[in-house]
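Below you'll find the structures, each written out as structure tokens.
Look at the two complexes coming up: chain A is in both, with chain B in one and chain C in the other.
Presenting the complex of A and B:
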């Protein structure tokens, strides 16, 4: 239970703010005293949060599946020839700022959720791919050699040895990818996706700092909640599947 | 029985193993010895098809391995390597149970086998079965590696410098253990090492390799007495040969037996029948003795070893 305490705590704070932002009206009025509407009301925060999470969830699922599959392929004997190429793409991709990925997606795909999703998938691929390669390629060669030599099939070696041992590194890649994409999805609001970035953009356009703060606060909380959720997952993985720390 | 017939392995332009013929009889320990890059590990890895041969044929009990099902071939060959290759995310018990599980043994049988093996290797099952590899010392981990190789009672044992990364004392202990196990189990074993002393100690027959070829394939004694070339002579140590030969023979060979064994006096000092002549000489030189009492494994004095006899007949 202790493992999950931090993510649950952040989730509670996030939901409380999403549902009860009105209660903080006096506070925001201090920041923005001369404006009529200090609480963003064009869309409910709950809807925006839901849409935001959905975008990230769908893109992360597609991106993770593709990246892990690609990483596994590039580390098999059949795909070994592609390993340098794939790992180069993974590294180069990381040097693109997320905003640039979005900006490039618009001329090709137009506005709305669609191009945002594509941009998120593409950008989310790379950390997962890089970590999948690092995790699988970084295993002690004696371990996989022994596994094969003892008579495990390629599939058994992959699922019983390689994935469990590389899992924590792969999970760390997914964590980076999802956290970055929570921020990137917010920028999706500039190209017409409905996300928690909406209040931020509206606030910037209208010079309403209170709007900006509300959006930023919720995005930040969502990122924190997700990050701590993955930390908990990594710990569970380490305890259940991977090896424990040596006892002194 | 393992037979290599005219086997060659190339890596690109380099020839790692060059048309070798080698026969390992059932129940014998064949040690491949040579410096690194001589092709000994490559040879071993071709036997369980971790590497394919470039040409030539390898037969196990008369059957060409190229045509055999890969799983079936490997599951019948225990495999122990340097650095153990134990799975760090599995307990000792699960590591040892690897092959029996692949063979779908019933659970109770696997459990019994794991305990049996741990006990055979002098490790308390209650203490070690649930431990993880990182919690073991180097010697313990290597014992587990050997136990894993033996788990499903394979006919053949392949060992690739299994004791290479251990300190001298642990290595010697494990070599003695290996000898003891081999006397019980009589596995057809191919053992790779660069350490000639390890080879002399463990081998039924030694194959000395250099640049992908087998220079000499013979018993330890013949390798020492009649090295086939300067290379082999240098490998065994030209001037150290006398002591190495003595190390091969047990005290039993040269002792003068009593008519009737009698129980030893308490606290009496002496040698065991299985100790080497080299050890006997060392004891005599150090304690300046003309003769040493010899005991059997029950502690009865069965004879004496005379210094004169040892000097004259030891080599």
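Presenting the complex of A and C:
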């Protein structure tokens, strides 16, 4: 239970703030004394949080599946030819700033949640792809050879040896990808996706620092909660794989 | 060179096939009656005429043929053909505009379509593949890049692309563009420089006292976790409060929004990659080297400046590279809090639904990030310490 304590704590703070922002009205009134509305009310914070999490979750799922599939393809005999190009794409692609990728999605796809999702998927799969390649390609060939020598099929070697051993590196890639995407989804407000970035943008446009602060606090808490969740997941994975288990 | 043929390349074939399909399916370009109204799209045949369409299709088929046919110098040929194709690619847009831009309406403009972008993207991927197979060194890669960019620059100078809406957006604000470039570079590079000094000081402290290591790493990774928009937002309130309390600061240009919170946030983000790389670089110098130096009677100061630092330099520069790329992108976000830079065009364009203004901000942002990557990777390679013995060995083996 200790493992999960930090993420649960952050989650509790996040939810408390989402549901109880009204209670802090006097505090925000101090920051923004001469404005009528000091609490952002155009959408409920719960809706914005839900939409933000949904965008990141869907994009992370699609991106991870695509990246892991691509990584597996490029490290099999069938796709070996593609390995140099795929790893080049994974490293050059990460040079592109996320905000530019988001901006480029608009001329092609228009405004709203859809283009944001596409940009998040495209950008989010790069770190996972790079780590999948590093994890699978970096395995000691002796390990896979030993597995094959034990009579395992290629599929068994992949699912019972290679993926469990590369899992931690892949998980670290997913963590990077999700961290970036939480930040990029917040900027997605500028292209019409309704996320926790909305109060920040509205506040900046109207000169309402209280709105900015509310949005910024919630985005920050969401990021910290997610990061600690991955920390816990990585610990659990490390314990699972490290503990001696009969393979197959 | 062996007399055997190089094996056929399936990657180029696959990319070429994809390019051929996309360039025929998607619009090559659009013509807009003015800046905001969305235009009518033209496919390859309508846009470039039968001559253009045939040239593009035959060119792509030639690339695929070169990739499959039994050839001895496959990749050299492919490299030359791809460089030529990329250099000449914008001419397709010239053909398109001269055929379709209505002469009588001064506000009409042409925009680049998805078909053209796909073709450009896939040709670049093919070139990357070929360059990888040829094992071209950094100099060869730069040479190809220079040829292509020079070709494009020549075309722009001759005015062939003047009716492109991207160029129109640029021509209506050349001063603003230069100002944005200056602000972007000043903010990003300023943050990188300050964080470099800060990180170096922190790492020196961490190397002396182990008690500092955990808390420093804890704080800098915490800062990196906070999303950019949130960090910019969180800095606004305290800075406005500070300037309200000390009006002197306002005279210095420090305000709740503007460059001050942007610079602070950029420095905060830059610290993690900078501290991590500098720390790893300086602590992982092999102890044997340090011992040897000590045995030669070097002082601690000499050991640091003449042994530890030069050996650590490539990894430190790698940290600077990651930080600079990251800062170039984050500076664009900082435009939201009024810090200037290319992000201003992006967010203005998004606000006005003027897509080419968005491109005018987004493309240079990407360009700056890529340029930082190229320059700093080259610097890291150049600073790689090469012991005399290795050099000599290389000379004899290659000669």
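The definition used in the following text is that the second predicted complex is superposed on the first by the 241 of 248 C-alpha atoms of A that agree within 3 Å, B and C clash if a C-alpha of one lies under 4 Å from a C-alpha of the other, contacts with A are read in each partner's own complex, and residues count from 1 in each chain.
Note that contacts are C-beta pairs under 8 Å (C-beta built on N, C-alpha and C of every residue); 3 or more make two chains touch, one makes a residue touch a chain.
Everything quoted here is computed from the prediction, not taken from an experiment.
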After the superposition on A, what does A:140 contact: first (chain B), second (chain C), both or neither?
first
Just chain B (first), just chain C (second), both, or neither: which does A:164 touch?
first
First (chain B), second (chain C), both or neither touched by A:26:
neither
Is A:148 touching the first partner chain B, the second partner chain C, both, or neither of them?
first
Going by the contact rule stated at the top, is it chain B or chain C that touches a larger number of residues on chain A?
C
Common interface residues of chain A with chain B and chain C?
none
As the complex stands, chain C meets chain A at residues 9-11, 114, 125, 128-129, 132-133, 222, 225-234, 236-237, 240, 256-257, 325, 328-330, 332-333, 336-337, 343, 346-347, 349-350, 353, 355-356, 358-359, 361-363, 365-366, 369-370, 373
Which residues of chain B touch chain A once you look at their complex with the stated criterion?
48, 50, 70-71, 73-75, 77, 79, 81-89, 98-99, 102, 132-135, 145, 148-149, 158
Can you list the residues on chain A that touch chain B in the complex?
140, 142-143, 145-153, 156, 161, 164-165, 241-247
Which of the residues in chain A end up touching chain C in this complex?
31, 81-82, 84-85, 88-89, 92, 95-100, 103-104, 106-108, 111, 179, 182-183, 186-187, 190-191, 197, 200-201, 203-204, 209, 212-213, 215-217, 219-220, 223-224, 227
